[in-house]
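Let me begin by handing over the structure; questions about it come next.
Per-chain numbering from 1; labels A, B, C and D assigned in written order.
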Amino acid sequence: MAKIKVGIIGASGYTGIELLRLIAAHPNAEIELVTSRTYAGKKVASVHPYLGSVLDLTYQDVDTKRIAEQCDAVFTAVPHGSAMEHVPELLSGGAKVIDLSADYRLPQKVYEKVYGMKHAAPRKAVYGLTELHPEVKNAKLVANPGCYPTGCVLAVAPLVSSGNVESIVFDCKSGISGAGNTPSERSHFPNLAENILPYEVTTHRHVPEIHQELGRFAKVKIYFTPHVIPVIRGILTTAHVLLRTKMRGDEIERVYNEFYKGKKFVRLVKTPSLASVRGSNFCDIGLYTEGNSNRVVALSAIDNLVKGGSGQAIQNMNLMFKLDETSGLWFTSVP
Amino acid sequence: MAKIKVGIIGASGYTGIELLRLIAAHPNAEIELVTSRTYAGKKVASVHPYLGSVLDLTYQDVDTKRIAEQCDAVFTAVPHGSAMEHVPELLSGGAKVIDLSADYRLPQKVYEKVYGMKHAAPRKAVYGLTELHPEVKNAKLVANPGCYPTGCVLAVAPLVSSGNVESIVFDCKSGISGAGNTPSERSHFPNLAENILPYEVTTHRHVPEIHQELGRFAKVKIYFTPHVIPVIRGILTTAHVLLRTKMRGDEIERVYNEFYKGKKFVRLVKTPSLASVRGSNFCDIGLYTEGNSNRVVALSAIDNLVKGGSGQAIQNMNLMFKLDETSGLWFTSVP
Amino acid sequence: MAKIKVGIIGASGYTGIELLRLIAAHPNAEIELVTSRTYAGKKVASVHPYLGSVLDLTYQDVDTKRIAEQCDAVFTAVPHGSAMEHVPELLSGGAKVIDLSADYRLPQKVYEKVYGMKHAAPRKAVYGLTELHPEVKNAKLVANPGCYPTGCVLAVAPLVSSGNVESIVFDCKSGISGAGNTPSERSHFPNLAENILPYEVTTHRHVPEIHQELGRFAKVKIYFTPHVIPVIRGILTTAHVLLRTKMRGDEIERVYNEFYKGKKFVRLVKTPSLASVRGSNFCDIGLYTEGNSNRVVALSAIDNLVKGGSGQAIQNMNLMFKLDETSGLWFTSVP
Amino acid sequence: MAKIKVGIIGASGYTGIELLRLIAAHPNAEIELVTSRTYAGKKVASVHPYLGSVLDLTYQDVDTKRIAEQCDAVFTAVPHGSAMEHVPELLSGGAKVIDLSADYRLPQKVYEKVYGMKHAAPRKAVYGLTELHPEVKNAKLVANPGCYPTGCVLAVAPLVSSGNVESIVFDCKSGISGAGNTPSERSHFPNLAENILPYEVTTHRHVPEIHQELGRFAKVKIYFTPHVIPVIRGILTTAHVLLRTKMRGDEIERVYNEFYKGKKFVRLVKTPSLASVRGSNFCDIGLYTEGNSNRVVALSAIDNLVKGGSGQAIQNMNLMFKLDETSGLWFTSVP
């Protein structure tokens, strides 16, 4: 079978270069072209030396029409508000699109409110949380989920779908790579090392995505607070789930095992750990009941740049092109 | 005024040596003797080189009677179960005692259940969370609080005392020094760096202390989960507080300002940070309301070895000996 | 072509489990059996959860004879002194052996002096620094190099082979994984974080290996000092090379390019970085001349567990079995 | 005795705020005014919350003349090229000045070559490496040393002064705070964590300072290479010293003990460690001979912001004002 020809728009940020890393080792896909306004004309390896020898590519300027012609699959790894400028032409040019920005994750109205801007080009898209959306297979446009929603929704979806959840406090701890590769006060080493930085404590933009995905199962109250920890990659989500009716540990495990049957990238483990998922596409989940209360703690661990970003995007591509979903992604973490 | 003569039983663990560091710079106290079963006969600075030149002390064997005779104030910085072997004789010998173990923090019955052992020598003690217990001033025996209870209780006491709290989820993130100076799987650098380790997710022994202290104000549901982050010192407590009736931000601030009036080591800040308290005795608190819900997020940051341990112990000593509570503790963090 | 059947003796330490990680993704090799005295009978994934789903293996007891029968290639990933107990029988049983311990790296006499023990079973072995030893192709027994010698020798071999080097100071900075997975004072997080630990400052056992390999080209004075930095993986070697006669930067580069022509895992780069090699088999080298002196600084960066250990071992296996040396190793770092 | 009235010009960078931290706890000095162009009019604690409660100061605009009138001692904690704009007027106004920039460390000619600019206001200054310059006592203007020269010179001065040193390779490892508080590529957490960054490998501007100070004792060849390690504070200097004639370990120790007799901030220790000096003004030195060579390795550890910056500046102030040199600085590290 011919390899999938892949284009990446915006291949200089963390999600873009993570796509390069992953597709470089994908047996059924090859990178046809990569774009970057900042680095057009430069060798990719001159900007990101770790890709040297393995990838011989040159950044190009964005020419959406040509990209659609040359590529089977296009990843848009650009900021929200920018993806919508490319997606319509990519689709009409016949390419399948996986958008890693927030532009196609929410209904237009919600999007416009949350992101404070008009949506220039709404299109029908499938929300690419693969484990919950089998319709990814037939999608032309997939909205790749946010990193926090991936960890949060996978942590609790089975319980929520059981109808027995009253409320959930999501307390998330993320590596700083989620904030991108531009130096900032928060990413300044002396500010983050030996520290932990809560931010957007009650106002994070990922909350509506979590609402949307869990709301498909049942109505639950959701509280969300993110923190940055002195770590490069990974998100640990501590989901404090308050049940309507107490459940035993083995009952809960049964619910999860059934819900995630056949989902190869979700693993039930004793204690989730960022080390166990670093660099890999796995989402590890651990479950804890409490002796004298209705609380269940569901912990999930993902690599925010892989299962929470570029790995999941490739998982979606695999399904859209009728490949096994593990193709090019079946490796362990680098602990 | 003569300096307070201080004895430290168990001065080789993290809380013991932190007492040494702090008292070495205390204008009104001096270290009379330090004990360590492991290091008896050795120079303190040969075991802990950073104390060299500043402190010229030799570890001695424990002789409780003699310690009580020689010292005005004795800190017991030994594991729970061990402090109770020394405290009665110290008290009867006339010393004032600050116990840094868990032995005198809880009523006997609760203690025996939580720590799974008989209490050999129950005594009346004051719980040394100074800001809430003015009776420390007249105490002969102070039970210095656990590190997590210090951060948790200070974060929410004003709100709980207002009677308007229904439930609280405490999600705590601690530096690894809280686990002591013995190498372990959890403290093994490759296991903790680039990671975050949830532990005793629903079963931590500090919960009864939190219950006890908050229960003095009002009945609230409490959930608690601790994590270790790749940090040496500090605890960030994220307290997700569900109110019965929504309050505005300024109302909440007023409650806190009133509650902590004159409490010099509690600071209301915009965003608590471990860097801002590292090495110091401050507890920084930040408060966040949420637009569409009854949740208030109260964040507190302490150095677990100072305000969460040895600094608070000295604060207690200061009060027990009629000194200003800031004596020897009025310095900033080392950011 | 049938896949190479691989056995790993001692598959629970860091080099052993890194072999598992790498071979799990190798297209031409498969793990036939793994042994561990400590974990015999246990599932590998129950001990190392990150290998879950990808590898379904159970630790076995060591039965050298059976291993030789079942496996084409055997990796001995046990401490020095222990490998020599297995190697003779593995060889006589027909297996090709890659020994990751120090047992076969040095001439018997040197070995016995450096490691302070009798060598029970000396055998002819090829030193597996692949780039310098093409005879690996025909070897039955390969002595996989130490991590420091790999980084040091690759950094300076071209210059030394030019005959123009008088002396070299190797100042090495290693991640702590080089010290193994047993918790120790040095690996205790509060001791290593925010610190750097020099050790065996003038007495490290890897020096004779470096002497041996560089001595094959020319006589040079060698000084070596290692440090542990608060990093999990990687070694940066700063080689301060004093030349007999000053050379220009472009001359030096020409020497390196020629020396490493066709060596795919060595890359000349502007600034070597652990991030650029983390998890990968590359050795990145950077070269710096000094305006007014005969010093050249040669920097090399490797992942101590990959090019400095298990990756290089697989590179050796590839050559011993007539595969392309990049087979199963042609991927980028996880930055 | 009246407290020394202190002014700080440029009190928003790391060295400036470290002066604030230290003087806040100084028994014989008090901060009269602090300036910052960026933050003039703002409360210091609003910019640096960790100084809250302890310091109640407001940033002012720079008015050199008024500062000289109001203050006894003025610290200029501004970039090189900027200090020279203030120093003449401060001196003529009668203040004693400690300049933390590079402006007065080198002879005019050397300065102009190294820093690539004209010197607008050369003045006679004493190089404030206190242990080597007793004339600090009578100085009106002290040039506070660079952080690297402090660690390097203290590590080897006794040996060099013995006349037995041929050459020295200084391989330095610094925390990132040395690069200041402006976010940059190098200080971006994902670039520095789990990494080590060599920079200005053969071209660092601190080399002439080291030459100058060691050259006062004897002629030696000097090589210098700095690295940034994933650490906030501290510099470990590994000085590989090649002797003309081999010396025994005890001989070397005697030389150091004699040289540093009465120098309270220099400690000879078994193994220097950043943890042992973090936040303190100590310089710890360790010495290692090598069995079969003329090499001595001298290791020194300092906190770059304290002994390598603001602490040393206060040590100089103490001497200039006839105080004990330890005043306000006699505390241990925060390990």
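Definition applied: a residue touches a chain if its C-beta (ideal position, glycine included) is under 8 Å from a C-beta of that chain, and two chains touch if they have at least 3 such contacts.
Model, not experiment: these values are computed from the prediction.
*Asks:* Relative to chain A, which chain has the most distant C-alpha mean position?
*Replies:* If we average the C-alpha coordinates per chain, D ends up farthest from chain A.
*Asks:* Per the definition at the top, count C-beta pairs in contact and tell me whether A-D or A-C has more.
*Replies:* By the number of C-beta pairs in contact, the winner is A-C.
*Asks:* Would you kindly tell me how far, in whole Å, the mean C-alpha position of chain D lies from that of chain A?
*Replies:* 46
*Asks:* Centre to centre, by mean C-alpha position, how many angstrom separate chain A and chain B?
*Replies:* Whole-Å distance between the two chain centres: 40.
*Asks:* Using mean CA coordinates as chain centres, what's the gap between chain A and chain C in Å?
*Replies:* 35
*Asks:* On chain B, where are the residues touching two or more other chains?
*Replies:* Expected reply: 190, 193-194, 230-233, 271, 273, 275, 278, 335.
*Asks:* Which residues of chain D touch chain B once you look at their complex with the stated criterion?
*Replies:* The touching residues are 21, 24-25, 48-55, 193-194, 233, 264, 267, 269-271, 273, 275-280, 282, 284, 330-335.
*Asks:* If we count contacts the way the header does, which residues on chain A are in touch with chain B in the complex?
*Replies:* Checking each residue of chain A against chain B gives 169, 171, 173, 175, 190-191, 194-198, 201-203, 221, 223, 225, 227, 229-234, 236, 238, 240, 271-275, 278, 286, 288-291, 293, 295, 297, 299, 335.
*Asks:* Any idea which chain B residues touch chain C in the complex?
*Replies:* Per the touch definition, chain B meets chain C at residues 14, 176-177, 181, 183-185, 187-190, 192-194, 230-232.
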